[in-house]
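Chain nomenclature is as follows: A, B, C and D, assigned in order of appearance, with residue numbering initiated at 1 for each chain independently.
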Amino acid sequence: MTEALTLRDVDRRFGGLKAVDSVSMTVSEGEIFGIIGPNGAGKTTLFNLISGNVSTMSGAIELYGRRIERMPVHRRARLGLGRTFQTSQLFAGVTVHENLEIAEVSSRRGVGGWLGSPTARRTVEAERVDLEAWDLADKGERLAGELTLFEQQRLALAMTLAAGARVLLLDEPSGGLVESEVHQLMELIRGIRDRGVTVLVIDHKMRLMMQLCDRIMVMALGAVITTGDPTEIAADARVRELYFGRAPVRGVERNERTGGPDPADAHTWRAGPTS
Amino acid sequence: MELLAQQMANGIVLGSIYGLLAICLVLIFGVLDIPQFALGAMAMLGGYVVFLLGPIVGYWVSLLAAMVAIGALGAVVQRLVFAPLRKAADVTVFVAAFGLVLIFQGLALVIFGPDPRQVPPSISGSLVIGGVHIAYHRLVIVGVVLAVFLALQWVLRSTRAGRVIRAVGQSTTGAQVVGIPTGRVAFAVMILGSALAGLAGGLLAPISQAMPLAGDSLTINAFIVIILAGMGSIGGALVAAYIVGLVESLGATYLSQDFSQLYSILLMLIVLLVKPSGLFGKKVSRV
Amino acid sequence: MRHPAPRGRARAAALLGAVAVLAALVGCSTTGSTSKAGTGPLELHLGVIDSITGSAAQYGQDFERGAKMAIDELNNAKDAKVKIVPSFCNSGGDPAQAVTCGKQLQSRDKVTAVVASTSMEAVPLLTFNTSAALGKFVVVGISQAAGLTSSNNPLVVRYLANAPSYLPAMTKLLDKTSKEQSLGIRKVGIMEWNTEAGQALATNFQKNWEALGSAYTVSSAVYQDGTTDFSPQLTSLLAKDPDLIVISQGPASAAIIKQATDLGYKGRYYVPVAQSPTQLATQIPVEDFIGSVFETSQASLDTPRSTKWRDAFKSKYKLDANANNSAGYGSVELIAHAAIAAASVDAEKIRAEMPKVLTIDAPWNIGGYHSLAPSGDVKVEYGLTLVKSADDFELIQP
Amino acid sequence: MSDLPPARNGLASGWGPGRIASLAVLLAAILAPVVLGSGYQLDLLSLVLINAMFLFALDLAYGQAGLAAVGHGAFLGIGTYVVGILAVKAGWPFWAAMPIAILVCAAAGLLMGLITLRLAGHYFVIASLALAIAVGLVVSAWQDLTGGALGLGLVPRPAGVGPVSFEAPSAFYWLLLAATLLVMLVCWSLRRSNVGTRLRSIRENPRLASALGVNIVLTRLLVLVISAALAGFAGAFQSTYLGFITPSVLASNVGFYALMALIIGGQRSFVGAVIGAAFFVLVPVLLQFSSALSPVFFGLALVVVILLAPDGVWGRLRALGRWVATRTRAARGGSSARLEPGQERSLP
C-alpha cells in the first residue's frame, strides 16, 4: 500500500505546554484513520500541524512522500490535503452553488486559473449531478449559512473533494448531528474512501469511530498512547485507564486540561463496539 | 558634541510630545479599537483653551480647563459619533474621525482666524548646561508626560478601574460575558483619552502656538509611534515615542533635512518587516 | 446576510434616480448666467481665487480683505467708470481645487480677469486662461517663483512678491546697510519653508548673498509645511553660528524667533514682507527681535499715499494693513484702471493697457510700481525696516 | 459588515436596479456634453470621471481584496507625476507616457504589496499611509526631477488620434468617459474571473479559503498590482486635466478622501463609486457659498452620511429599493413578501 501521509517525531509547544509531543504515524492510501483521546489531547493541534494552520517546531510531515511541513496552508491544499473545521466551515454568506464554485476554482492553476472565468469549465448540468450526489440538489441557490447542520457538513465534504483533496482531515464531523444523520454521514465517508481518498477523522462519538475506522490512534497530553484496529483499541488497558481510571498517564498527573470523558461517549464506550 | 547633545535634548522633548498623544491613542485605539484620527485636532483645540484662559486664570489652571473641556468634547463625540458606529467597519470609523478633523479645524479657523496665536510658556527662559539650551517649558513637558505615564501605569495595574479597562482591551465580548458594562467603560476611556489630548495641546501650545492646523503632524506621528511600538502597552508607546523623536531630530542633523519625517516612517516599516507586531507588541495573526 | 434581490425589485426606484440625474444635468445647464454691458459704467466680471482655508489661509484671507476693499471703493465711487461684479472662490490652498475654481469663474461667471492670492492658485490657471473657446481672462497673481511668468502666457501679471525681481537689490541694500551701520552680517542661515514661496525666497537669497563676496556664506535648514517645532532645524543652523537667520514664511516668524531665543540665539532675523515689525510686536516682545531687518513694501512706507490707504484699511477692518492686504487691493485696482483705460472688459485689451496704467502715479498705486515687463513681471523694489530698539524702527529705502 | 455576493451587484447580472441605474447613468454621461455644452459643469463631470476611475481601482483593493489602502492616493499621484515629468521634461506625448505611468505604478504597487501585505488590520492601514507620505516627501525633495514645491507644468492635452482631437472640452470629456469605461471593464472582468471568486472566498472566510488552496497573499498582491496600475492610468489623465502638478496631488489626504468617497458612495459597486466621486467633487463646489465654513459643513456632511448610511449611499438606496419592492408586493398580496431580518431595521 502507498503511504499517503507520514509524520515523524512532530513536536509543537505552546509556551510551556507540549500540545503535540513527538508524534509519529503513517496513514496508507485509502485508509480511514481515526484519532481519539480526551479533550486537550492534542488531536486538533495535530490536524492544524498537518494542514499548516499551526507550524511545527521539529519533525517531518510527508504527503505522498513529499515533505510539506514548511509549506503554507494553501500549497498543502493544492497538493491534495483537504480539511474541514469544527466551526465556520463554509462561506456562509454565499449560495451552495457558489461555495462549490469557489472550492473548484481554488484548485485551478496557470493564467487561466487566475484570469479565466469560474463557470468556463463547469456546466450547469454537471453542477446538478454533483449536488444530487450530496443530496443537495434543491438547495443550490440557498445561502450556505441557512442550511441545516448536516447539510452544511455534506457541503463541506463536497467542497473538499471539489478542491481536489486526496487526503482528507475531518475534525468532529458528527458534531451536533442526530443519530440517524451520524449513520448517513458514516456512509458518506465510506463513499469518499471508496473513491480512493484517504480519510483522517477526529470524533468524540466512539461508536462512529469504532465502526468507521480501519485503524485508530489514541492520544493523551499530546503524545501517542497506542495505535491499532478498533478491537485492539477497545481491549487496550491503557486506553481504558485513560478514559476511566485515576492512574497517572505517563508519569504526569491528570490535570484539569485533559478533562473527563464526555458522559455520552462514556455510554457508547461501555456499550462497546457493535461491529 | 554640543550639537549632538542639543539634538538629543530636542529629540527627547519632541518624543515626549509624541508620547503623550501616543498614550491617548493606546487608550482609544488600543483599548476601544477606535482609530481616533481627530485626536490631534482635539489637542489643537486644547491649545486654544489655554490661549483664551491662560491670561485670565494663569497657565496651570487653564491647562486643567483644557483637559476638562476636551474631555467633555470627547464625551460628546463618543455619544454622537463613535458609539453609534461601534459595529461599523474600521475604515468607516476612520472616515467619521476624519470628518471630525475637518469640523474642528474649520471651526477653529472661523472662530480664531488663520493667524497663529501666541501662548506664553509656563516658565519662561532656558536652562543652560554645557552649551545645551533647553527651555524650562520643554522640561515641564518632559516632566508632565512622565508623571502622566506613571499615574496611568498605576491606574491600569493597581486599580479595579484599570483592570476593567484592560479586560475590555483584551476582548470586548469577554468583558461583556463577565458582566462589565463595556459601553460605560468605553465612554470613560474616551473621556480620559480626550482629556489627555487636551493636556497635550495645552502643553504644546507655547511651542507650536495656537493655530488651526497645529495638530496635523502630531496625529500621524502618534500613529507611527504606536504602530512602531505595537499596540498594547503605554510604556512601549512612550519608549517608541522617544525613539521617533530622536530619529527625527538626529536624522535632520546628520542626514538630510528634506526627509526628517521620512526617517521615522522608514524605521517603522523596517521594524514591521522584521517584527510585524511592532517592537513591544505581542505576536499577531497574519491573516 | 441578505438574499440577492430578485429581478425587477426596486426598478422603479432606480429609474427614479436616473431621471433625477438627468434632470439635475438639465437643471445645471441653465444656471449659467450671461450678462450684457449696459449703457452705464463698464461691467467687469472679476474672479478672486484665494485660499481662505487650509495651510495658506492667512495669505488668502489677508489678500481677500484688500481685494474687497478695492472692489467696494471702485463700485461706490461717484460717477464710477467701472462696475466690478466679483466672484469669489476658495481654493483651500490646493492647486487642483484652484483649477476647478478657475473653470467655474471662466465658464459660469464669464470673468475676464482673475486675481489670485498665491502661486498655488495662479499658476494652474495658465493652462486654460488663453483659450478663446472657453473665454480668455487675465491672471494677476502673487508669486515668489519664476514659474508664473516663464511660460510666455500673454495674459499674466505677477504682482508683489517676485523673489527673482527684488532680491538682487535687496541683498545689496542689506549688505550696504550692514556695512554703514556696522551690523556685521556675513554668515546667513536660512529657515527654508518647503513650499513654492519658501523655496523661491531661500534659493534667490542664497544665490544673491553668496555673490557678494567669499566671506558671505549661506547655510539652510528645510522644514515641511505644517511644522510647529523648529528646534531640529534651528539647532543645525545655530551650529554654524550665523549672524542673521532668514525666515522664509511670514506667519511662522513669531514661533521661529521664540524657539531660536530659547536655544540661546541672540542674533538678527530677516523677516519677509508678509510680516511687518508692528504686526510681529503684537505677538512677541520686541526685545526678542531687536536688530532684525524686515522686508518692507512701498505700501508700508510712510508716504502720504500709503499712510492714507493704511488708515482707510484700518477704519474698515479694525486691523493694521500688511503687504498681502495691499497686494489684494493693488491687483484689483490695476485691473480696474486698465479696463477703464481700455474702455473695454476684454481680457487682451485690459492686459495691453496695464504697462501704461502702471506708469501713472495714481493714488491707487500704493505699491508704487512703475514698470511692467512684457513677460508680465511687475518690477518690485522693497525697502528695509531695521528694528533698532523697541520704539525705533528705521526705514531704509533703496 | 455583511458581505453581499458581488456577482449580484452593479453590472454583474440581471436587470436589477443596479443595472438599470448603471445604464441610466451611462446614458446621461454620454449625453452630458450635448446638454451642458462645454461649460464648467462639463469640467466638473470630467473631474468626477477621473475620480471615479481612481475609485474603481481603489475598490479592487478595498472592496474586493479587503485592503484598507489609505495610502492608495500615492499611486494616483505617481501616475500623475510620471506623465507630468515625461511630458514636461522629456517632451513625451501623452500616449507614450501613459503606459509608462501604468508600469511604474504597477511596480510601485508590487513593492508596496511586498512590504505591507504580511501586516494585519490596523498595521496595514498605517503602513500604507506611511508609505504614501514617504512618496510625497521624496517627490517634494527631488527637485531636479519633479520641480519640488515649485510644481511642474504645463502638461499638454493628449494628442489627437487620426482626425479626432481632444483639445475641445467635450472631446476630452468623451475621452475620459471611454477611459473610465475601460477601467470599469477591467475591474468587472477581474471580479467575474477566478481571481474575483478567490477574493470573495477570502472576504467570506480566509481560513477556509486557504484550506481549499487559495493563496491569500499572492491573490491580494495580484489585485493590489492591478489596482495600482489602474490608479496610475487615472493619474495619467489627472495629469493632463490639471496641466500643472504640485506635490499636493501626493498629499496624504488624497487617499483618505478617496477611501471616504468609496465608503460614502458604497463599495463593491460601480454606481456606488460614481456616487462617491460625485460627492467629493460636487459637494465642495456646492459649499463654496459658505466660504471659510465650507470645511466644517463638509466634515458634518461626512459624519452625518456615515451615521445614516454606514454601508454607503448606494447600499442604502438599494435597501430602500428592496423595501419598496417588498411593500408593493405585500400590498398586492404576493406570497414572497417575506421581509428578511435586518432589512426593516436598516432603513433610514
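The definition used in the following text is that contacts are C-beta pairs under 8 Å (C-beta built on N, C-alpha and C of every residue); 3 or more make two chains touch, one makes a residue touch a chain.
It should be emphasised that the depicted structure is a prediction, and the values quoted were computed from it without experimental measurement.
Comparing chain C-alpha centroids with the centroid of the full set of protein C-alpha atoms picks out D as the closest.
When every pair of chains is scored by its C-beta contact pairs, the maximum goes to C-D.
The geometric centre of chain B is 32 Å away from that of chain D, both derived from CA atoms. Our note on geometry: chain A versus chain C, Cα centroid distance of 73 Å, whole angstroms. Rounded to whole angstrom units, the spacing between the C-alpha centres of chain B and chain C is 35. Of all residues in chain A, those that touch two or more other chains are 92-93. Within chain B, the positions touching two or more other chains are listed as 106, 109, 258, 261. For chain C, the set of residues touching two or more other chains reads 1, 3, 52-53, 57, 61, 194, 224. On chain C, the positions that touch chain D within their shared complex are 1-15, 17-19, 21-22, 25-26, 28-29, 32, 52-53, 57, 61, 88-90, 92-97, 99-100, 103-104, 106-108, 120, 123-124, 126-128, 133-134, 145, 147, 151, 194-196, 198-200, 224. Partner chain A is touched in their complex by these residues of chain D: 2-5, 7, 190, 192-198, 200-201, 204-205, 207-216, 222.
Chain contact summary for the complex, chain B toward chain D: residues 29, 35, 81, 84-85, 88-92, 94-96, 98-107, 109-110, 220, 223-224, 227, 231, 256, 258-259, 261-262, 265-266, 268-269, 272-273, 276, 278, 284-287. By the touch rule above, chain C contacts chain B in their complex via residues 52-55, 57-58, 60-61, 194, 221-224, 226-229, 231-233, 235-236, 239, 251-252, 254-255, 258-259, 262-264, 283-284. Partner chain C is touched in their complex by these residues of chain B: 2-3, 6-7, 10-11, 13-14, 17, 106, 109, 113-116, 118, 126, 128, 133-135, 138, 204, 207-209, 212-214, 216-217, 248-249, 252-253, 257-258, 260-261.
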